[in-house]
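The structure under discussion is supplied below as structure tokens; questions concerning it will follow.
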Amino acid sequence: MAVSLLATIGVIALCTICSLDASLAQAEGHKLVITGSSTMAPLVAEIGKRFETGHPGVRIDVQTGGSSRGIADVINGVADIGMASRALKSQEQHLHGSVIAQDGITIILHRSNPIRELTDDQIRAIYTGGVTHWNQVGGPDAPITVVNKAEGRSTLELFLDYFQVSNRDIHPHVVIGDNEQGIKTVAGNPHAIGYVSIGTAQYDATHGIPIRLLPLQHIPATIETVREGTFPLSRPLTLVTKSPPAGLIKTFIDFARSSQVNDLILKQYFLPLQG
Amino acid sequence: MDVVQSTPRIIPDPEERSGLRAWLPYPSTEPCSDPVPHIRAKNLSIAYQGHQALRNVTLEIHRGCITALVGPSGCGKTSFLTSLNRLTDLIPGCQVSGNLHMHELDVLAPTTDVLQLRRTVGMIFQKPTVFPFSIRKNLELPLREHGTYDRTLLASAMEKVLQQVGLWDEVKDRLDHPAQALSGGQQQRLCLARALVLAPDVLLLDEPCSALDPLSSGIVEDLIVTLRGYVTVIIVTHNLAQARRIGDHIAFFWSCDGVGQLIEYDTAQAIFETPAHELTAAYISGARG
Amino acid sequence: MSRQNRYLQESGTTAIIWIAATLVAVPFFCLMGDLLWNGLNHLSFSFVFSAPQNAGREGGIGPILISTLFILGVCMGVALPMGLGTALFLAEYTRHDHVPGRLIRGSLDVLAGVPSIVFGLFGNALFCQTFGLGFSILSGGLTLACMVLPILIRTVEESFRAISNEQRLSAAALGLSKPTTIRTILFPAAMPGLLVGVILGLGRAIAETAALIFTSGYVDRMPESLMDSGRSLAVHIYDLAMNVAGGNPHAYATALILVSLLFIINFSSSRMAARWMSFNQLPA
Amino acid sequence: MISSLNNISSRSKGDFLLSWSVRLLALMAGGLLLLVVSFLIHESWPALRDIGLARFFHDPDWSPIDESYRLTAMIWGTLLATAGAILLSAPLGILSAIFCHFYAPPLLSRGYRRMVELLAGIPSVVFGFWGLVVLVPIIGRWHPPGTSLLAGILILTLMIIPTIMLVAHASIAHVPIAYIHSASALGFSRGSLIWHVVIPTTKVGLFTGILLGLARALGETMAVLMVCGNVVQTPSHLFDPIRTLTANIALEMSYALADHRAALFVSGLLLMGLVVLIVSLAEGLRHRNFHVPAK
């Protein structure tokens, strides 16, 4: 027994070493690590799957975390491609961004909430604590649960930017990370208000999740208004690389920008570049 | 085979020794008649963590004799015994000094191969210490460790020693059963067999009967007597009657100020009938100790 | 004290204690009942073996089980030899009260108390970034190995220490060398303890989430090598519960599987330990 | 005169190999703590150097985007959640250990112990999940949104009861049976036997259990992350959402950069220091407890 146990340990160690060897060999050039924006992750994962079927032996690993993480991982070299659901900032101009689709940010409520529209001022008041009860904005008699994004998420930055508020002035009840977490929180609480990517929200709303997307400045939050350019809170979905894309990375980015993935982009309720 | 003058080495070649030298006799010289002492200790002292336990023991033990070490608890008998096969190495902080020779072998020299030493010096403890596996494996393990792998040799050696200790008929049908299922007396006899299977020159016994019931104790004692003439036996015992029954020589230890000393060493007859030291006389008469 | 007073006091104490015991038991049964009630509906053969789809709302947990096994394999593959060696050193090669042993033991005690999230930080900084392993099963497994090492060493060392010294002495008296003594006598005797240690370590590793999020990552696909990122069961539950609207049903089913795995591990370990003991110490 | 040297037991090759390899492994295992600590310090060094310890307590708030790194709200969150959990679980854990020993019929006692052992094995993410889908909505109905300090306290309580109960159980089992017999012979009732004999003799053990529970509660991440709401604020009542130090790390680590990342490592270091202090206190107590012979 003792001997067999020792042997087992030996075999495990050997296997570990072998597979490590094999995997290191495999890792060269055949695997793309993509990290960043939770808004883009489901879309890029789908694109990756399709890319893999056309390129056998290639593996696309997608990890979420937020746009800032995508940028950071690319700079650190942990990821080959970063996902940022916003345009590159002025201090990030040394990186290379390739836009693959357009998206917007929408305010979401629980579907049972009778409110159909909120003005920008009302939203600002809700988020900064001026309005704490739904009946102050014509809703039911219930306290408002304010759902805010965690820092480092581009959705938060764009939201703050649009409403001209500082994150310090916001008094949230719940802080969430991913878009999905925000949707889940709002879907689970009839008196919550949150803001997420239009694509993610619309996808979930059409898949039976009880949320409602509110219009902004009377313009409905849909893919069409984003396309027309009328929706006020829109943003580009960008793939970021450290150096100008080349090799497999370039092939992948070109693929993601091509019309071959339009159906995937539309399915996630984002706006493709062409068509 | 002439053992008397020769054997400066204690490491015979494995073929000859692998437990199988029919483990019988050394020659039929009368016990204790060998003029060259088997074991010579000179000024042997033992200290634990700087605290002296045994001081300046000098004695000569003869081949084939049974030497009994007697004396009250804590007077260094067991320490002396364990220094003979250098089990003292295993006791943290134990320091042995002085001269100790077994034939020509310098037992205490750092270069001595202790594994070979312990192979030729068997030891039995107060409590039976069978290993937690089968009877067969208990006996085979030491032989394998010392280089005997042949199955028939192993089997014959096992049968011989088990017969020697009178255990064969009791266990021959359950050699593969756990040794710990045996009774205390049987376990102690198995330990004896396990020591004998290596065909030792010297056998150290540390109160081998004290944890046994009187019946088993008697059986083990009788076994020890049968070894007289073949193996040099050194036995620690608290049982004076036993020492008198089986001992050829008696070494009487006493603890002075917490330090063990050898008070008197002589033949059993001399010790019990004409003790030279008053402490000895008091102890054997039951007045002290 | 009057007799009646005393009676009242006694029955009051009894009542309080029964209430406390019930207060502990009720949430446990609620939790288990809830898991069973909501998890069993979704449990099926295909759930266990198929791949997750639609962020885990559909499909199953096949690749996640495999990733979990890989992570545990790496963890034990590293922790077991290290733990065994260290325990051997502590129990057989150094004295209990000597400096090296005390230092190592002390540092392991401290390590045992380090919160798992801190291990996550450490693993991320060392394995993912400094060693360049990235988000991978290997990083996760190594991080977990650091985490379970103290508990493994502690149990194995205790079981070596529990072996009576007479066994060592009598082995030495037979001229058995130290490696032989360890291999043939001490190791088998310490086996139940070793098993318990492995089980405890496995239990801790399989339940771990915080340390894995930053080391082995989120990817829920079938891992092809140890360098791939892989999602463990616990991370999957976390993700379904927190990030996936409509993910609760499958989170329940996954939680049920995870908890049953832990129960099976616990149960079989006590059984195995008992059988090992009886095999060694009682007539067959 | 020669004296025997210890530990030159054998010059066999196997022994040499084995003894050096176990030494090497032990060295590695012992060095692990050093590695962990040095990495944490190395990673948090930029923050300690550039930000300085004082700013973690004197900045206006926690807002890494604006380079503001006040940790006090999260420290309060951690401490309050832990304290609440200990206040609830210590009596419950100890009482249920007493229940097991003195009140429950043998069969129930065995089953109860088994149950607590199973409870101890349930992963924290399962506790968190259950808290999120069952407990939080219940609290939410009462006082929205439900994710709150209270939810954190309740879940933590459930998680550390097994630790406290099992340690208490073990130390009660160590009470010499003679104490109990002689107290019974003096005509003590069961209540006063427990109160005057069992509790005083097991004080140290009970306290150790509580300390270990405390350490577990302080270091717990996933469960509190899932049920506490994660808002950075000093709670003013039980229904306020809070963020603990651990949850903060788990939440922000994935995208933290530069000073922000270093600040998270600082909070990790802080946490580790705190937990290590408690654990070593508990270990010290436990050893003392076992070395005092029962007289």
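Per-chain residue numbering starts at 1, and chain names A, B, C and D are given in the order in which the chains are listed.
As a working rule, a contact is a pair of C-beta atoms (placed from the backbone, for glycine too) under 8 Å apart; a residue touches a chain by one contact, two chains touch by 3 or more.
Everything quoted here is computed from the prediction, not taken from an experiment.
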{"item": "Higher-contact pair (C-beta pairs counted), B-C versus C-D", "value": "C-D"}
{"item": "Centrality ranking, top chain (CA atoms only)", "value": "C"}
{"item": "Longest centre-to-centre distance from chain D, chain (CA-based)", "value": "B"}
{"item": "Cα-centroid distance, chain B relative to chain C, in whole angstrom", "value": "48"}
{"item": "Gap in Å, rounded to a whole number, between the CA centres of chain B and chain A", "value": "80"}
{"item": "Rounded Å distance, chain C centre to chain D centre (Cα mean)", "value": "16"}
{"item": "Interchain centroid distance [CA atoms averaged], chain A/chain D, Å", "value": "35"}
{"item": "Interface hub residues of chain D, defined as touching at least two other chains", "value": "9-10, 12, 254"}
{"item": "Chain C: positions in contact with at least two other chains", "value": "81, 84, 172, 177, 184, 188, 242"}
{"item": "Residues of chain A whose C-beta touches two or more other chains", "value": "64, 177"}
{"item": "Complex interface listing, chain C residues touching chain A", "value": "55, 73-74, 76-78, 80-81, 84, 128-129, 134-135, 138, 183-184, 187-188, 191, 194, 217-219, 221, 224-229, 242-247"}
{"item": "Residue ranges of chain B in contact with chain C within the complex", "value": "85, 87, 90, 92, 114-119, 121-123, 125, 127, 129, 131-133, 141-142, 145-146, 177-178, 180-181, 191, 194-195, 198, 204"}
{"item": "Contacting residues of chain C [partner chain D, same complex]", "value": "6, 9-10, 13-14, 16-18, 20-21, 23-25, 27-28, 30-31, 34-35, 81-86, 88-90, 92-94, 100, 103-104, 107-122, 124-126, 146, 149, 153, 172, 177-179, 182, 203, 206-210, 213-214, 234-235, 237-238, 241-242, 248, 251, 255, 258-259, 262-263, 266"}
{"item": "Interface residues, chain D side, partner chain A - complex", "value": "60-61, 63-66, 137, 140, 144-147, 229-232, 241, 243, 251-252, 254-257, 260"}
{"item": "Footprint of chain B on chain C - complex, ascending", "value": "95, 166-177, 180, 184-185, 188-189, 279-284"}
